[in-house]
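Note that chain A is present in both complexes that follow, paired respectively with chain B and with chain C.
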Partner chain A sequence: MSKLYTFLKYFFITFWTVFVVAPFLWAVSTSFKDFQSVNSKVTYIPWLDFEPTLEGWRVLIKSPAKGGVDIVEPYFNSIFVTCTASLISIFLGTLAAYALSRFTFKAGFVRNNDITFFFISQRIMPPIVLSIPFFIFLSTIGLLDSLLGLVVVYIVLLMPIAVWIMVDFFNRVPKELDETALIDGCNPYQAFYKVVLPNSIPGLIVAGMFCIIFGWIDFFFAFILTFTEVQLLPVKVVALNSSITPWWSLSASALVSVAPLIIVAFIVERYLSKGNLSGALK
Partner chain B sequence: MNLIGEKISYKPDEQFHLNDVSFNFKKGNLYTILGRTLSGKTTLLKTIAGLLNPDQGSISFEEKDFIKIPVWERNVAMVYQQFINYPHLNVYENITFPLEQRKLSPEQIKKDVDEALKTVGLVGFENRKIQELSGGQQQRVALARSLAKKAKILLLDEPLVNLDYKLREQLREEFKRIFSEGLSQDTILIYSTTDPQEVMELNGEVIVLDEGKVLQKGPAKEIFENPSNLKVAEISNDPPMNVLKGSKNSKNLNFENISLEIPNHFKNLEDKDYNFGIRASEIKLDENGEEFEIELAEISGSETLLHLKRGNSKIIALIEEVMNFKIHEKVKINFNANKFYAFAEDEKLVSSPYGGTNG
Partner chain C sequence: MEEQMAKIDLSKISHTYNPLDPKPTYALNPFSMTWENGKRYAILGPSGCGKTTMLNIVSGLVRPSKGEILFDETPVTDLKTEDRNIAQVFQFPVIYNTMTVYDNLAFPLRCREFTKEKIEERVKEVSDTLNLSSFLNSPARKLTADQKQLISLGRGLVREDVAAVLMDEPLTVIDPDLKFRLRRNLKEINEQYKTTLVYVTHDQNEAMTFAENIIVMDQGEIVQVGLPKDLFEKPKTTFVGYFIGSPAMNIFHSTVSSDHEVKINDTTIKTNSNLGNLKDKNVKLGIRSEFIELAEKEKSNTVKIKLTRVEDFGNFKLLTGKMGDLVIKSKVEREKPIPDGELNLYFPPEKCCVYSDEKLV
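And now, the complex of A and B:
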C-alpha cells in the first residue's frame, strides 16, 4: 500500500516537473538558435544539433534603430515600479495590520473585521471594474502614462495583500508579548519596532514576496494606464509577440521576464519550506 | 508609601471583571490572590500594571495617582502564566532588555543580570535561544527579567500553572527561596494562583477573589481555618470542601439519613438547618462507617480521589494510598465530626473547628 503510494507520489512529481520545466528548456534552447536552426529541422541540443548564437539575446538590448527591440528600459521601469510599490505597500500595510490586530475600532456599524474586509474586497473585484476609475483618476491628476501613476495604482493593488497577510500574522503573535514590552519600559511605538517587528520577519518576507509577484506580473493596468512615455516589461513582451520579432528573441525576452520571480522564489523557499511562518513564537 | 486601591471596578461588557475591589499592599510583603479561573485575578494584576484602566476607583502608589502614569513609566514587573519572553533575543538579551530601556550603565546592567541569573539558577544559559529552553526554563527567564529590573511592584500571574506537576513542585520550592533572597525590602510581591496549596506554602496575605469581588482577606492560615463563607471554603481547598445539606437538633447532626454525635465546637449552635462542610482529607475509609456509592475513582500520585454519592449528596474523599475501586461499588466511610464546619443557609460561616465564626 505504502509502496504504491510512494510510486504514485514520485510518478506525479516527475510528471509535473517535466510538464513545468520542458517549456523552459525549449525556450532556453530556442533563445540560442538562429534562423537556420529554427526553420530547417527539429533541433534540441546545442553544439550537437545546432551551433548556439547570442544573436537572440543581443536583439533585446539593441535600440530599434539598429534592428533591436530594447527591453532594457521597460525592464528597469518594471523593477522600479514593483519594488517601490511593494515597499510602500508593506510599510503602510504592516502599520495598518498591526492597528487592526491590536486595537478595537468602532465607527457606527464599522468594526475591525469590516475594515479588514474593505482592504481585501479591493482584490475580490475583477480588475476591469477598477480600470475606468483609475484611468479617470490618473488623467485628472496628470499622472497617466507615468511611473509615479503606476506606483500609486500598484499600491492600491498590493496593499490589501500586505494587510491581509500581516493581520493574520499579528493575530498569531500573543498580545502578552506587546504587554510585556510595555511593562519593560517601551512606549507603544518602541514595543512595535523593538519587539513585534523583529518577530514578524517571516510574515514580512511572505507578504513582500506576494507583493513582488503580483506587481511584477500585472499586465492589465500597465497596459491600460500607459501609452508611449512609459512601458512596463509585460506590455513590452506581449507587444513583441505581435510584431515580426524572431522566435529566438521572444524566447530570450520570456526568460528574462520570469527570471526575477524565480530568484525571489529561491530566496523565499527557505522560509516557506521550514513551515515556520509563525514558528518564532510558538 | 503603600500601594492602595480603592473601590476599583472594571466592566468592559455585561459582566463585572472587577467589582468594588479595595486593597492596601505594604512594601516588603507577599500577597497572594486566590481565585478560580476567570475570577478577575489577571484583570486585577493588569490594572495594577497599568495595562487596563478601571472604569471606577483609584490606585495610588507612594502617594501618587497611579492611574495617570502610563505602563512604561510605572516600574512594575510582571510574569505571565504563558511563558512570555522575547523570541528574537537570547537569554541574556532578554534579561537586559528592560534595563537597557531604562538606560542603566553597562556595569550596572551586567551586575544586575548576573545576580538575577544566579537567583533563578540559569548561569551558563546566557547565549541560549529562548526556543531551545524547556517551559520551566523559559519561565525562569521571565522571572529573572522581572527580578533584574528591581521593580517596586512585582506581579506574578499564575506563573506555575502551565508547568507539569514535577516542575511545578520544584519551582514552587525555589520560589520561596527566591522571594526571601532575591527581593529587597521595598518590593511588593503580588502572586495570583488557583491553587490553594501554593497559597498555603507561600504563606502570605491572601485575597480571595470570585467573579471580580473580594470574598475574604487575611493571612493564609486564617483563610484555611476560618473561610468566611461556603464559596471561600470551596475555592481555598483542593479538592473543594464537601458540602452536605443537613440539620442539627438537640442530640445529633443529621444529613442523608446519617446521624453523628454533636462535636464540641457545635454545642452552642442553634438547632436548625445548616450546610455542613468537611474537607476531603477528613473522610476516612471505615468498616463501621456509612455506606456510599462510588461514582468515580481517580488515582493521582500516591493518593486516591473517591467521588461518592448518597441520596442527593455528592462528596469527594481523599484516601492517602493507592487503591483500586470499582465504579458503582459501595464503600463505607467515617466522617470526623470534630472537623465539621457549619455554614448558615445564606452560606456564611457559623462555626469552625478552629474556633472562628463570622460574628
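And now, the complex of A and C:
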C-alpha cells in the first residue's frame, strides 16, 4: 500500500513538473531558433538539432526603425504602473481593511460585511462593464493614454484585492492586541503601525503578491485605455504578432514577461516555507 | 518618580451593550464602589456575569452607559485608555510577536518615554520576579503559552506608577505549581509597591487566597463585597452560598415557626436570626457542610439522616445523606468513625443562615 502510494505520489509530482516546466523549456528553446528551425522539422537540442541564434531576443530591444519592436519602454511602463498602483492599493486597502475589521459601521441596512462585499464585487463584475465608464472618466480628466491614468484605473482594480485579503487577516489578529497596545500607552494610530501592522506583514506580502500579479497580467484595460503615447508590456507582446507568427521573439518576450512574477513567487515561497505566513498569532 | 497610584471610585456605573434597544439588557446593573489605593481585590462570579465588562470600564476600553469613574476624585470617564495609566492583563497571552521578550516588557515604558536606564532597571527587576531573565533576547513568539502569559503579566507590572493592575483570569493557562508561586509573587509585589491589584476569576480558591476583599457578582449585579471569612460564613444571598465553598452551602426550604426557629420537614432548627417578622413564611435555611457536626444521639437542633454516600478526600470525609427528599452534605474529620445507616447531625444555631427571598435575614 505504502509503496503504491509512494509510486503514485512521485508519478504525479513528475507528471505535474513536466506539465508546468515543459512550456517554459519549449519557450526557452524556441526563443533561440530562427524561422527555418521553427517551421521545418521538429527540433529540440541546440547546436545538434538546430543552430541557436539571438535574433528573437535582439528584436525585443531593437528600435522599430531598425525592424525591432523595442519592449524596453513598455516593460518599464508596466513595472511603474504595477508597482505604483500596488503600493497605493496596499496602503489605502490596509487602512480600509483595518477600519472594517475593528469598527462597526451602520448606514441604513449597510453593515461592515456589505461594505467588504462591495469591494469584492468590483472584482466579480466583468471588466467590460467598467470599460466605457473608465474610458469616459479618463478622457474627461485628460488622463487617457497616460501612465497616471492607468495607475488610477489599476488602483481601482487592485484595492479590492488588498481590502479583501487584509480584512480577513486583521479579523484573525485578536482585538486584545490593539487593546493591550492602548493600555500600554499607544494612541490608536501608534497601536496600528507599531503593533498591528508588524504582526500583519505576512498578510501584506500575500496582498502585495496578488496586486502585483493582477496588475502585471492585465491586458484588457491596458489595451482599451492606451493608444500611441503609452504602451504596457502585455499589449506590446500581443502586438508582436503578425501574418507570419514570430514564435522566436514571442517566446523571448513571454519569458521576460513572466520573469518578474517568478522572482516574486520565489520571494514569497521563501516566506511560506519558513512558516511565516501561517500562525503568525497564536 | 511621581506617585500616581490612585483611589478608584466607580459611581453609579451601569452598562448595556445595546443602548438603542427600547428595552436594553444590562451587562452591569447600577452600582457604586471604591477601590482603595494599594489593596488587593478579587472579582468573583460565573462566566458572563459582567466581570470583564467592569474591568474594561475601568481601563477605558468600554465607556459605561451611565455613571462616572474617578481616580483620586478626578473624573476620568471621558479619558482615553492610553491616558488612564492602567495596566490590564487578559485571560489569554497577548504578546507582541514581532518583538523580543525584552522589547515586549519595555514597550509600555517606551510608549511613556521613560529613560533608557530606567527601562533597563525595571525590565530586569520584573524579568527576575517572573523567571524570564534567561529569555530576554529570544523572540517572544517562540516561548510556550505560560511563558507568553508571564510576558503579558510582566508588561502589566513593569510600570510602578500605574493607578491599578487589572487582571482578567490571568493564570488560566499557567500550570498549578507556577500559579501558586505567581499568586504569592503578586501578593509580594502588592505589599512592596502598594500597587492596587484587581483580579478577576471564577475560581473561588484563587480569589480567597489572593484577595483582601472579594467582590461576588452574578448576572450583572454585585451580590456581596467582603472578606473571604464573611463570604464563607455569612453569605448575603443563596447564590453566594452556592457559589462559594466546596461543596456548596446546604440550603433547605423551610418555614418560620417562631422568632428564632424554622422547620425543615418536621424538624425544628434553632437559629440566631431574628425571624419575628417572618412568622409562618417560607424561607430557606443555609448551613455550610463544614459547620455540621456528627451527634452521638438525638438532641435539640439535630436532624436524622439516612447515610447514602461517604467520600474520602484524604484530609476529610464528605458524608452525603437524605432526610426525606432533602440531601444534606457534611464534612467530617477523616479519623472520625462513621456509623452505618442512620446518623444524627447537629446544626449549630450561630452557623445557620436564614434567607428570605434569597437574601440573608
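Just so it is clear, the second predicted complex is superposed on the first by the 269 of 282 C-alpha atoms of A that agree within 3 Å, B and C clash if a C-alpha of one lies under 4 Å from a C-alpha of the other, contacts with A are read in each partner's own complex, and residues count from 1 in each chain.
In this section, a contact is a pair of C-beta atoms (placed from the backbone, for glycine too) under 8 Å apart; a residue touches a chain by one contact, two chains touch by 3 or more.
Here the structure is a predicted model, which is why all the values come from computation and not from measurement.
Undergrad: After the alignment on chain A, I want to confirm one thing: do chain B and chain C clash, or do they fit together?
TA: Clash - chain B and chain C, as placed by superposing on chain A, overlap.
Undergrad: Applying the document's definition of touch, where does A:Gly185 land relative to chain B and chain C: first, second, both, or neither?
TA: In the superposition, A:Gly185 contacts both chain B and chain C.
Undergrad: Just chain B (first), just chain C (second), both, or neither: which does A:Thr84 touch?
TA: In the superposed model, A:Thr84 contacts neither chain B nor chain C.
Undergrad: Could you tell me if A:Pro198 is touching chain B, chain C, both of them or neither one (first, second, both, neither)?
TA: A:Pro198 contacts both chain B and chain C.
Undergrad: In the overlaid three-chain picture, which partner chain does A:Pro174 touch, first (chain B) or second (chain C), both, or neither?
TA: Both partners.
Undergrad: Report, in rising order, the residues of chain A that make contact with chain B in one complex and with chain C in the other.
TA: Overlap of chain B and chain C footprints on chain A: residues 174, 176-177, 179-180, 182-187, 190, 195, 198-199, 280-281.
Undergrad: Which stretch or stretches of chain B touch chain A in the complex?
TA: 46, 49-51, 70-74, 76-78, 80, 82, 84, 86-88, 97-98, 101-102, 131, 145, 149
Undergrad: Could you pull out which chain A residues touch chain C in their complex?
TA: Touching chain C from chain A are residues 174, 176-177, 179-180, 182-187, 190, 195, 198-199, 201, 280-281.
Undergrad: Across the complex, what residues on chain C touch chain A?
TA: Its residues touching chain A are 59-61, 80-82, 86-88, 90, 92, 94, 96-98, 107-108, 111-112, 152, 155.
Undergrad: Touching residues of chain A toward chain B in the complex: what are they?
TA: Listed in rising order, the residues of chain A that touch chain B are 174, 176-177, 179-187, 190, 195, 198-199, 280-281.
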